[in-house]
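In what follows, subunit A forms one complex with subunit B and a second complex with subunit C.
Right, the complex of A and B next:
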């Protein structure tokens, strides 16, 4: 599901990411990257589980966004998802937020 | 007192089998009394180990491979047994901005011990997790 708020576009992903649906997740990220917005948010508040292929899709999208002078951040990072992101050191190159509001505030400069 | 070791096994031929194996791990871990977060992470370790084996075995046309769960008191051991030679499991715990190469990094953080051993024409990828007392 995507929502637009000015120059900010949000993808809300609500399922755990396994080998079963990682391709759909990858495609959803690709669609988000193709949006006209420069600021992109992936809200993963409802996600508890993500495999390495899903993590790879996020990393790849963040780097692709950067190459296109866009910024992609992740919101809803908490619990087991935060722990998985910590293991793979995502915070060292991706902006992570506990809520979507924090991510939107980051983009509007609050 | 009699000491019992429980072993369960499964043949992995297709991705649906991996999903089933993930369920088995979670079910066994829950039954052993692991914390809910540990059960979820053990499920993740199972998916990562199986996907690595599946991709390799599919590439070299050596499917299926086998998965074993061994429960010994408070320890759960998950073993992936595939045909082929030994491989390195050096874990470079560094920042990876690329699309691949995080499976082993995850596994090494989830389980207490991970190692590979050769057994005839097979290679065994072993993951051990002990229940916290």
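Right, the complex of A and C next:
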């Protein structure tokens, strides 16, 4: 996991999210939410699988961010991860981007 | 050799003898099988008259070494056998009839071999000389096999784990005392087909699964309900491993059973409670329904004692039916309890809300009230809800984060039911996009839980969904119960399920 600071704060998660590490993922999201930035990106480019608890953690984080007048988006949504997000209809309440650049462009208004 | 022949030969001319026998050996007359060693000796003279050339392979020494050294038996003997070898000439000269002895011999490379030596008096005493012949056969491998067999037998008898061996056709060949202790079955079961020991959970497909898993993974593991001799069932985690011969063919199957004697009484009590919960959960699933324009049936295979899948259907009025299938995040008792709490509400929610948007919004409110604490989603579920209007021949559906259902039309086309919203309980408010589809008489609606696609080892989620759709396609012309029966068989053949599996089939006319 790596967090980049700035007006836009990015959390890069590089492992599949399973029972073994879902709590670490949840804690990383909490850390991200506590950053000063209003725009939050979770880069999941290296993630191929996310379990149901991981999906719950993302949904909770999105709602917490909104309550704090922040916006959290997911980047690196491709391949099997995109299929999972499509099935659970996450695009109905969260912005999903194929690359981190697209997510950053969204926040800077390009 | 016969009497008279001997007299015609210069008996004391060992070289002549040797020449004759060596020539016979060359002609493959004297001793065909070259793995054996034949020798002829005058023991009282401590003289070896002939030894077949095969001695070089067995003893590592040429025939000349035996001819030129009267103490050769002692030298080739293993230290443990040296005293016996030292006395060999004396014993041979005293022998009156054939005898068999076992010896250990040394090899030049330091290895040892086991041999069996059969000695036979050749001729009656003639001119004060007695002849004895011997055949030496190597039995190292047989001896090793015998040692291993004895060891295996001791282990088999002494080990506390219940074991059973069948042949390649699953006929029982061996049971150990621990198996007898566990089931009451003893030697009377030997020779019987294995399924005599089942208690009804498994059928002929079990053999196929065991064979296939052994081919693919080298073993099969799963829970099997065995039948004790007095008739009661006993569920045991069972491992089946194929034993192959040198040609790679399966000759035996070894069954190893886990014991339950080490389980604490508390654990057993919890398991009994979970079994009861499972029964309760199965009982609340809707029974098959058959009405004008529609017939519905469902099937449920839990992966553990209790699971998080549930389905139900309700007639709403004369022409509309609500069909619902859900899958709670996670497994076990907690998932089962969520199912039961939703089930208790469902009838009222569906009859009041009727359309997918209202039904899902109401269920979402319920889940958020009960299972959302301190900004953290503790539980949520995915679901598929289909409202069928048999008069209009129309379905209205929504999927709450659930794998898409299928609507198979009689013309062979398939529509995926992929519109909907996020899972129930995940968000404070849902944005439900429902879909509408018309159907032709004879259409088949299939809803399923993700256990149907999680068992596939390879491929993306999309590919797994398509694989499942293609597996159903050949059966959609069948009635709903036969179709589900084929689906169950399809999943049983794939072995133990990693997740609960449930499916609903509705024939629409």
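Everything below uses one rule, namely that the second predicted complex is superposed on the first by the 104 of 110 C-alpha atoms of A that agree within 3 Å, B and C clash if a C-alpha of one lies under 4 Å from a C-alpha of the other, contacts with A are read in each partner's own complex, and residues count from 1 in each chain.
Here, contacts are C-beta pairs under 8 Å (C-beta built on N, C-alpha and C of every residue); 3 or more make two chains touch, one makes a residue touch a chain.
Small disclaimer: the values here were computed from a predicted structure and weren't measured.
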| item | value |
| --- | --- |
| Touching partner for A:105 - first (subunit B), second (subunit C), both, neither | neither |
| Touched partner set for A:55, first subunit B, second subunit C, both or neither | both |
| Larger contact residue set on subunit A - subunit B or subunit C | B |
| First, second, both or neither for A:63, with subunit B first and subunit C second | both |
| Which of subunit B and subunit C A:93 touches, first, second, both or neither | both |
| Contacts of A:18 with subunit B and subunit C, given as first, second, both or neither | first |
| First (subunit B), second (subunit C), both or neither touched by A:83 | both |
| Common interface positions of subunit A, toward subunit B and toward subunit C | 52-53, 55-56, 59-60, 63, 79-80, 83-84, 87-89, 92-93 |
| List of subunit B residues in touch with subunit A within their complex | 15, 18-19, 22, 37, 40-41, 43-44, 47-48, 51, 94-103, 105-106, 109 |
| Complex interface listing, subunit A residues touching subunit B | 18-20, 48-49, 51-53, 55-57, 59-60, 62-63, 79-80, 83-84, 87-89, 92-93 |
| Complex interface listing, subunit A residues touching subunit C | 52-53, 55-56, 59-60, 63-64, 67, 79-80, 83-84, 87-90, 92-93 |
| Subunit C - residues contacting subunit A, complex | 329-330, 375-377, 380, 382, 399-404, 420-423, 426-428, 431, 433, 460-462 |
